[in-house]
Amino acid sequence: DEQYFPLQSYRVGPYAAGGTGFFGGFIDYLTLINSRDGGVNGVKLTWSEGETQYEVERGVEVYERLKSRPGIAAWNPLSVGIAYAMIDRITADKVPLITINHGRTDSTDGRVFPFVFPLLLNPYSETSGIVEYLATREGGLDKLKGKTIAVLYHGSPYGKETIPIYEQLAKQHGFKVEQIEVPHPGNEQQSQWLTIRRLRPDYVVLRGWGVMNPVALKTAQKTGFPASRIVGNVWSNSEEDVIPAGDAAKGYVAITTQASGTQYPVIQEIVRGVYETGAGNLADKKRIGSVYHNLGVLNGILNVEAVRIAQEKFGRRTLTGDEVRWGFEHLRLDEARVAKLGAKGLFHSINVTCANHEGEGRVTFQQWDGAKWSVVSDWIKPDWAALRPIIEASSTAYAKERGLTPRDCEAEERVGDTGKRASAEGK
Amino acid sequence: MVAGDEDILAVEGLSLSFGGAVAFAEIDLSVAAGEIHAIIGPNGAGKSSLINAITGLYAPQAGRLRIGDARFARVPARRLAELGVARTFQNLALFKSLSVVENVLSGLANVQRAGLTAQLLGLSAARREATEHRARAESVIDFLQLGMFRGRAAGSLPYGLQKRVELARALVANPRLLLLDEPMAGMSAAEKAEMSGFVLAAREMLGTAIVLIEHDIGVVMRLSDRITVLDHGRRIATGTPHEIQANPAVIAAYLGAEDDPENEAKAA
Amino acid sequence: MSPDLAFLVEVVVGGLLSGVMYALVAIGFVLIYKTSGVLNFAQGAMVLFAALTFVSLIERGLPFPAALAATLAVMVVVGLTIERAVLRPLVNQPPITLFMATLGVAYVIEGAAQLAWGTQVHALDLGIDDTPFDVAGVLVSRFDLFAAALAGLMVALLTLFFRFTRTGLAFRAVAEDPLAALNAGLRLPRIWSAVWIASGIVALVAGLLWGARLGVQFSLSLVVLKALPVLVLGGFDSIAGAIVAGLIVGAAEKLAEVYLGPFIGGGIEGWIAYVAALAFLLIKPSGLFGQRSVERV
Amino acid sequence: MTSDRDGSLLRVEALEAVYGGAVQALSGVDLVVREGEIVALVGANGAGKTTLLRAISNLLPATRGQIRAGRIAYAGRDVSRTRTDALVRAGLVGVLEGRHCFRALTVEENLIAGGLGRGSGRADLRADLEWVYALFPRLTEKRRLPAGLISGGEQQMTAIGRALMGRPRLLVLDEPSMGLAPKVTAEIYRVLVDLNRERGLTLLIAEQSVTLALRHAHRSVVLENGLSVLEGGAETLRARDDIQRFYLGPRVTAPARERQPA
Amino acid sequence: MATALPVTSAQPRRAGAAGILLLLAIAYGLVPLVGTSYLFEAILTPFLALALAGLGLNLLTGYAGLLSLGSAAFMAVGAYAAFNLSLRLPGLPLPATILLAGLIAASAGVIAGLPALRLRGFYLAVSTLAVQFFVAWALNRIGWLSNDSPSGIIDAPRLVIAGLSFDDARGRYLFSLTIVALLTVLAWRLVRSPTGRNLVAIRDHETAARIVGVKVARTKLLAFALSSFIVGIAGVLWAFAYLRTVEPAGFNLDRSFQILFIVIIGGLGTLRGAFLGAGFMVVLPLLLSRLGTALLGDGFDTGTLEMVQRIVLGTLIVAVLIREPAGLAALLDRAFRRLSPRS
């Protein structure tokens, strides 16, 4: 039996750095599982890639090309645009869509988006996580009162997504927020940083993507804003974002859901089991353990574990997409399990449910010292409780607009045989 | 001929200069209906400029114009066609990529009435108009014996034929006044004779008044009722061919060498 | 001076200096336009290719001067190849055809660049630090000053070159009417390879300066977007125009973003420069110093 | 460089040319121009004169045309592959049909451009400029004006002047008299004939006004529908009455041997 | 800018008509039967949408000779207009929605066209970039346009006309095909109408056109309107029938260039040019990469493959232009003429 992962990767074009790292790590982990355990309970893992160059229409083309392959476990595009274009399609085809650390916030509500999983961290949780972190730096949420935070965001749907939630949290905690847009691609930010210079904020949150990030750091230096007071979001947290900025990036802090570095057992196994046998996917070994690579590995862990969990219920065979969906909805990895997976310290834990497709991912913060990232905070909990109502408001609105009736998760859990029913439909 | 109200074109004291350079100054010119009026003169005398001013492409600084009974200081070029004026250009101004037929048809742009929707939906009005216009175009094409080039892109025709297509485009609208800027440049004697034939015929059939700029003095003498001679932007003479041929000023300024090369061509 | 005034000055200065960076890219376009009358779609690709080649050589351990020399050599080869393989066969074709051809060239260069040097993001350190120094409360970046100086130098050289050789004349003749130029015995192959090499070198300079700020990566090719409004404003075929317009666009766009942005919403930088350029064109359809098209009947 | 044994400076043999791979413009042209000769090329519209002259200067590729067969020899060397600029430097200079001035360049710049091809030094250029202005006084007033703005005739003068700036050995003119006042035409021919006598300039002239051509040419070649149909001394041609017929020509020349698909 | 490229008139007609009928027969009769969902969803639908956009731009650039780099903006206007119409006027039948969207795009086109009364060539082209970037900015900024969806990305409504749904691969294809066919007929009638002739006249010689009585300003703006109308509807297809989501990024400058290049490589001033061009710029790359995968196997590094394919495509473009500067349409005609015996 085989379980197949179609990959809409991007290895050329403006965002190639992210694509090669993430998909590299993902593939490396799948390779490891095959070579080490002969697949998941004997079910071999297979995959193939289609180049999207991060363009939506290319992503769709790849989807249409690969969707008819047998035994698809899940889709993992690393692009908000492509993910949006797929939601209708995967829902119709009954295959899970994994948008780790990104994607559509309200798809966290599994009752409305049964097949979409913004695992670990949706944009709102990210925002909350960042605010919590700043609070710890100031010494308590109450200390945020009266502070000014400038948010520098990419002029794209992705960039804009967190505008309302920042406003909300600002009101809630009594700090002042100034949101400044950087027009795509963001290779020139003189005026934005001059504005910041005039605002004299206490912190600048960088919600960037691609080339916008190094330019931001360089320009910050040019206008005399200290890097240590800039906090990057989850797509501004990679080596590729800081290295081009050179010294300007020293002291820069960024949020992450997974620590970087190679010291974690699972990464070590990849080095030994995969790279030393020449099966590694990264062209440049130096990038092993980099942020995107580790994110890819983590993404691999989550996908594989979902399959494993689903297999416990449906049997050790090639599963249908809907069965894997069930697996994701029961993806519970506590710290003990994480340690067993050799990922202790790489990431904290996840706890996905039918209603919560994000899974309460914890975040930590890492600081760039000019050569490498080092963790500078412990695992922080975003304020999920505060966010949930906003998310449900949005998802219910969507359900209404689309005439969908939200699932009744409690009932499903009680019956507990949704899996079988779904899988029956699946066939 | 007597200049007067039946003049279709009257130019009074028209002057134009570019920066310092005078293109022409204080030009008086009158063209009667059905008259063929030649304008000759050395290179750079201001002939084309004068025509450009009459057709609204240049804005004269002084003087006034009358076309039919409409008076202007500066003729609005876009109203030219509806004033019944058509022209050809010294350096070809054809629609190169259009076929010969379409070039000729475009000469009817001004009398185009059917609206866009009518054209798109092919309403009877539009269709009737189309067929009628095509007939007119074809008759001109036959008249100028361009039939066998009908379908060819005008730009790929040899120079001489392109000149002829331009004439066709100008004639198709049955203009009251036709301005020809060196229509026979670059033609063999035979072809010139042919063109002369067309010009005369056009005048006979349509009663069109024609202003003709031409350097082939033989042709000019044969075709024109009256001739105006420009030199350095001034009008140095107006008169019948004979008067002009005899005029010493003209000979000095323009005709030059007693035996001018084209005399033999005239014989042909 | 008062903080507000100081800030205004800072914005203007910052704008002017950014403008220089735009002009740097624009000049590459101007050179090609001068001789072919077309917008060179491949300019961005050339910027990327030049910078990528340079850093990759550095990273493979070549010393700075050697890497620079090698990259120059490569750009020369590129220029010659384009002339031989693309321009010569397309002589006297309508500009729009040449324009399309430059797309083909762009594809090839882009592909080749990433194929040869990979798609990683490279840091590029020219050894000029980007820390600002304070002039009467106004921050000025050393790096920008250096860039400005370099741009100035380049413009000066090119202008002199056109002034004191007759190449300028030949260039305009070729752009005006390739057939007549051929017929007059002008050596089009030589002229074309000359400008493409020149624009390759300009691309290298632009690539290095921008690359030092952006990092050398694919997005480097997007800097051309900043050059386009500069081109229209300055005139596609005027080197001086490029520099002057660069300054204007830089300053205008910063002022707009900083002072207008808050009212009509941020991110207006993306288009405000075009609108400004457009407004100006309506007054002078061929840019500040562009060659007017001469037509009479 | 020398001319061919038989003293021919230019020799065209069985030349065939097509446009756009389809339009047959020349279908067999033979032509010899000897050192120091004036040869007239006469033929009706579309006979192929311009095409032939373009072929000789190797300009066909630039007008979507190509040579299908035959050979062209200049000064004893086959030049059907030689680049135009090389030909110009070798003294084979042409004047294009329809002026082709550089419109945005001033008259003077146009003339200078003619000298650049040959790579003349400043001194030469200045001398030649004065000489050309002497030939065409009219241009002196216009030297600073963009060539696109001057009158048709003035443009024609500029085009011819530009060619002369190349100090040609063989000058190839396509309809030099087009659009020129009789006086100027006569003047130009006088100049050309003088150059021919004094400097031994060889001339190949395509002319529509046959009279003019025959008056000055030592020999003439007649083209008809892309074929060189006859060839001889001026007066022999004038004597022949089929040439007399040719004066009047066929009423409309057949188009090139190519049909519309539609 | 003057493009001395022949237009339809100088091209074969009767054979053309027959060919078109044949094509339609295949497109409607054969393809829906044999086509796979991949063919419909990933190749034909985007092909049709972009071919339509090319068709629209061709009216402007190919026929009227006005260069525009704003096409993507007009696609966006069309798409967002259609989205908002269907959102805010739920009763409105789809065809009406599309028509109105086209008209809105057309009016945007007229405004964008005003500079054309004064500017030429690349100056005009680059000025149209103002539109391109302004529209992108506005769509991104004005939340109302995307129904205040937090991310600014919106999902397109379903394709239902008079109760019958086109909401599957084949349906969307047939839907697009029909719209494209209708608009192509419209365009075809236009270019053969006197108005179409006037467009070309203005392109070839504006002064002469004015002298013979062509209303130059009016005609230029008309060209912009008609072009944008079609391009706008192409945008609707792109968003509703192909991607089924609408996001500003999809209508960026690259798209504008892509459409312009479709028109140029296909053949300016020819209707079939738009389709040939779209085939070349949209379908060919897919075929190339499929070919590559077929040759080198699934495992082969897709990045490398992509770059090789880039190089090949670029080389092909140059090769085609050298072989025939007037583009694919002319190339075909030439081949056609070769085959058909000389009468």
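In order of appearance the chains are A, B, C, D and E, and numbering begins at 1 in each one.
Convention: contacts are C-beta pairs under 8 Å (C-beta built on N, C-alpha and C of every residue); 3 or more make two chains touch, one makes a residue touch a chain.
In UniProt terms, the chains line up like this: B = Maltose/maltodextrin import ATP-binding protein MalK; E = Branched-chain amino acid ABC transporter permease.
Since this is a predicted model, take the numbers as computed values, not measurements.
S.K.: Between chain C and chain E, which partner chains are common?
M.R.: The common neighbours are A, B, D.
S.K.: Between A-E and A-C, name the chain pair that shares the greater number of C-beta pairs in contact.
M.R.: A-C
S.K.: Using only Cα atoms to place each chain's centre, name the chain farthest from chain B.
M.R.: Relative to chain B, the chain with the farthest C-alpha centre is A.
S.K.: Using mean CA coordinates as chain centres, what's the chain B-chain E distance in Å?
M.R.: Centre separation, chain B to chain E: 42 Å.
S.K.: Where the centres are mean C-alpha positions, what is the separation of chain A from chain D, in Å?
M.R.: Using C-alpha averages as centres, the distance is 74 Å.
S.K.: Determine the centre-to-centre distance between chain D and chain E, using the mean Cα coordinates as centres, and give it in whole Å.
M.R.: The computed centroid separation for chain D versus chain E comes out at 46 Å.
S.K.: Which residues does chain D have that touch at least 2 chains other than itself?
M.R.: In chain D, 149, 262 touch at least two other chains.
S.K.: Which chain C residues reach two or more other chains?
M.R.: Chain C, residues with two or more chain partners: 114, 119, 265, 267, 270, 293, 295-297.
S.K.: Counting only residues that touch at least 2 other chains, which ones in chain A make the list?
M.R.: Residue numbers touching two or more other chains: 11-12, 16, 20, 155, 183-184.
S.K.: Touching pairs of chains, all of them, please.
M.R.: Listed in label order, the chain pairs in contact are A-C, A-E, B-C, B-D, B-E, C-D, C-E, D-E.
S.K.: In the complex formed with chain C, which residues of chain D make contact?
M.R.: It comes out as residues 57, 59, 61-63, 83-85, 87-89, 93-94, 96, 100-105, 109, 112-114, 116-118, 146-149, 162-163, 166.
S.K.: If you look only at chain B, which of its residues touch chain D in the complex?
M.R.: Where chain B meets chain D, its residues are 18, 21, 41-44, 48-49, 90-92, 145, 148-149, 151-152, 156-161, 182, 185-191, 193-194, 215-217, 254-257, 260-262, 264-265, 268.
S.K.: Quick check on the complex: what are the chain B residues that touch chain C?
M.R.: 48, 52, 57, 89-91, 93
S.K.: Considering only the defined contacts, which chain D positions touch chain E in the complex?
M.R.: Within the complex, chain D contacts chain E at residues 20-22, 64, 258-259, 261-262.
S.K.: Hey, which residues of chain B end up touching chain E in the complex?
M.R.: Listed in rising order, the residues are 55, 57, 77-78, 80-82, 86-87, 89, 93-99, 101-102, 105-107, 109-112, 114, 116, 119-120, 122, 126, 130, 133, 151-153, 155, 169, 173.
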